[in-house]
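Per-chain numbering from 1; labels A, B and C assigned in written order.
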Amino acid sequence: MAAGPFGTLRTQRRAPLKPALLMLAVIAGQMRSPAQADPAERVLALGGAVTEIVYALGQGDRLVARDTTSTYPPEAAALPDVGYVRALSPEGVLSVAPDLILAIEGSGPPETMEVLRAADIALATVPEGYDATAIVAKITVVAQALEVPEAGARLVAEVEAALAGAIAAGRTQTPPRVLFILSLQGGRIMAAGADTAAQGIIELAGGVNALSGFNGYQQVSDEAVLLADPDVILMMDRSGEHAAEATDILTHPVLGQTRAAQTGAILHQPGLLLLGFGPRTPQAVEALSAAFRQAQG
Amino acid sequence: MATADNSPTRDFVAGDRQGRARRVMLGLVALLLVTSTLSLGIGASGVSLWSVLGQIARAEAVAPREALILFDIRAPRLALGLLVGAALAVSGAVMQGLFRNPLADPGLVGVGAGAGLGAITAIVLGGLLPLALQDVVGFYLVPLAAFLGGWLTTLFLYRISTSRGRTSVAVMLLGGIALGALAGAVSGVLIYMADDAQLRDLTFWGLGSLAGATWDKVLVAGPLIALVLVVTPFLAQSLNALALGEGPAAHLGIPVQRMKTISILTVAGATGAAVAVSGGIGFVGIVVPHLLRILTGPDHRYLLPNAALLGAALLVGADMIARSVIAPAELPIGIVTATLGGPFFLWILLRNRSLLDL
Amino acid sequence: MLSATDIHADLAGTPILRGVSLTARPGQITMIVGPNGSGKTTLLRALTQDLPYRGRVLLDGADIAALPGWELATRRAVLPQASRIAFPFTVLEIVRLGLIAAATPAPGHRASEALARVGLAGFEGRFYQDLSGGEQQRAQLARVLAQVWDPVGPDGARWLFLDEPVASLDIGHQLEVMEIMADYARAGGGVVAVMHDLNLTAIHADQVLLMQDGRCLAAGPPAAVFTDAILSAAYGCTVRVNATPPAPATFVLPHMARRAG
């Protein structure tokens, strides 16, 4: 692999992003790892959920750095930050001298990942997803890469059990219709549609997304929101802005008219907890379904 | 007077700024060497250029990690910074000369808008391409789309503003504004369709970065940028004559139309290539030529090479800052050029008002 | 010899020149006069290919439309009406632009020489923008002179085409510029100028072309063209040639002015 300066970076064909193949890639990545003999001791975690899983596996002391989105647990925040997960610089990553990189799917840019592959650093890509199986897959990949399969199996069992309990407890006769608002800048409503972490967590907690018919986070028309008439409005927890945001919603010409606003069912949850789909998701489901129940009286 | 005229070594004439321009050129070469060396030597990983060079000198094997950082990360990044900086500054100077306006930049001929539209399209809709095609272009899809977008927009604009063999600079300027608005609208639709991650990608693309530098990119963008650097110095006297107006330039024997065609096409190619590999880095194209005009006058025979040198040094320097201040993370380079350059440029403007009132 | 035959030109669809012919000889000053809008400047612009025209313009027998630009530039220079210049060039740099086209490499002091010729000695280091209108016009004239410095080259006469060269000049500098034109013609070069001032034209022109409404109304030596009848018809008012006003009037004629020194 250690060709001349001009030789190592020839374009390699990108593998299609299919989870099954990713698993193979992980294994392949480890096979060619020069540190195969010893488990990796300098680990870089990219992605909030990935970092949480490393800590939940009890392997936090092996981490040497993290990305900007890794803010939990508090110990993680003390680690050096290599930048935003989709805009990493190759030398920045190499400067923390990792021997294993755990990267959430979509880490990039691709050029940087290419250089890291050329640097012969073991790279495990952790698949992203917004349901129970996705969490299990994340934990499994991370545990395998860290060579702690037993701890991984324990954590999987733990999380699966907790999640099943939380889901069962959250199930109701009439699932609340929940509107997730990503931002409310200038009165414009940016809300979650299908194929989002927000919809994933709402469904796990026994609710349904009040909006349908589009993917991702989109600005939605006032009339669509009025028509959807959500029972609950869910937002991310930004420190200190609760009251202001609640006022914004109550005074908003359309949101103020919804059942959620009139019954005061406006919920704030920490963003990473809510949308991270990591080991804390059972907690998030519990908290959210409790809040749903309370909101529905 | 007579003695001065007869002296072969030194006949200084007031208003002749060629000597100063040459001295500035020497200074800029030195500046470029210093920034380039520093840029190779400084990085988050702390790998030292000198120790690697020492190892090479002693014919020792260079550690693979150090070789990778120096030869495959820092060196292509330096090369790309040099090329992009020179391309942006020279393209700016040429466009300003062509449009006879110190505020012109390649954006006026639609390169920026077109390249931006290309990049956005690739980021948002790239996933819709057949897998086979995605495999072929790989992660060069965005640069490729940006280049094609910029180049095609300019060609189109050039076509509509040229009739009976004469290109109207005014039509081109206004057409550029119209196309810019159109591209903005289409971009708006695409941004609306984009998901979260794509939006973040778009933001980062717009701020520009050299972080994705690879030798492949250098090899792809290099020839197009080299073309503008090689060709435009031959247009220097023509650009000088053009300052008098198109008619007077023609009476000085300048093939005005041919020169317009050549400069527009080469500039579109170089800017398109630069934007494609580094994203949107504004500011260099306007500020560098301005500074040099204040320093050594508008003579394009010196302005163009000096702009190439200063643009390259500036971008390499800004990139060094971009990857040092919050290491191991890094800032988009557009933020650095704007934060440092903005106030400095304002200061220059305030101090040299009389020179700029045109 | 410059000969233009049956020149037609339109501006925005309106015919401006409706068949003008003109012959100018080297060694002479040929001046084009006429009322506003009669097509004087348009004729000069057609003769110098600044705008599309129909008809033929021959320079020493060769159709100028067929001559390459660089070759034409060695044989003729064109002074435009007051022109704006982009970017802060110094006067010296502007005059040196004329040397781009010069047939033979010029000596280093040529630009300063040209500036001295138009009365701008010592202006080399000034910024063109900072000059007054009249100074700018003379700086441009210096540039044009530098381009075709020798009135006669190995391939024949050189030509100056001047569009209102004295328009914004005071009487002293008007005389200076007229003298430059006269010297150039006397040395064998050709001069074609669009003029506004009938007195200066009467003094210096060898040939006059009087235009009206896109046509040539009269052509010939000033004495033949400048008659009461012809001028009155051309300018639409009663004009009297060589008549002095009644006693108490004050008038200043360039005929009686002499340059100091």
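Just so it is clear, a contact is a pair of C-beta atoms (placed from the backbone, for glycine too) under 8 Å apart; a residue touches a chain by one contact, two chains touch by 3 or more.
In this text, all values refer to a predicted model and were calculated from it rather than measured experimentally.
*Asks:* Which of line, ring, star, complete or other matches the graph of chains that touch?
*Replies:* Shape = line; chains linked end to end, path left open.
*Asks:* Measuring centre to centre with C-alpha atoms, which chain is farthest from subunit A?
*Replies:* Between subunit A and the rest, the longest centre separation is with C.
*Asks:* Taking the mean of all protein CA atoms as the centre, name the chain whose own CA mean is closest to it.
*Replies:* That would be B.
*Asks:* In angstrom, rounded to a whole number, how far apart do the mean CA points of subunit A and subunit B lie?
*Replies:* Comparing mean C-alpha positions, subunit B is 38 Å from subunit A.
*Asks:* Roughly how far is subunit B from subunit C, going centre to centre by Cα mean, in whole Å?
*Replies:* 43
*Asks:* Using mean CA coordinates as chain centres, what's the subunit A-subunit C distance in Å?
*Replies:* Spacing between the chain centres: roughly 79 Å.
*Asks:* Subunit A touches which residues of subunit B in the complex?
*Replies:* These residues of subunit B touch subunit A: 43-46, 64-65, 67-76, 131, 134-135, 138-140, 192, 194-197, 200-201, 204, 209, 211-217, 323, 326-330, 332.
*Asks:* Which positions of subunit C touch subunit B when the two form their complex?
*Replies:* 48-50, 69-74, 76-78, 80, 83-94, 97-98, 100-101, 108-109, 111-112, 122, 124-127, 129, 147
*Asks:* Given the complex with subunit C, which residues does subunit B contribute to the contact?
*Replies:* 5, 11, 13-17, 97, 100-102, 237, 240-245, 247-248, 250-255, 293, 297-299, 355-358
*Asks:* Which residues, counting only subunit A, touch subunit B once they are in their complex?
*Replies:* 2, 4-6, 8-14, 16, 65, 68, 80-84, 86-97, 106, 109-112, 114-115, 118-120, 215-219
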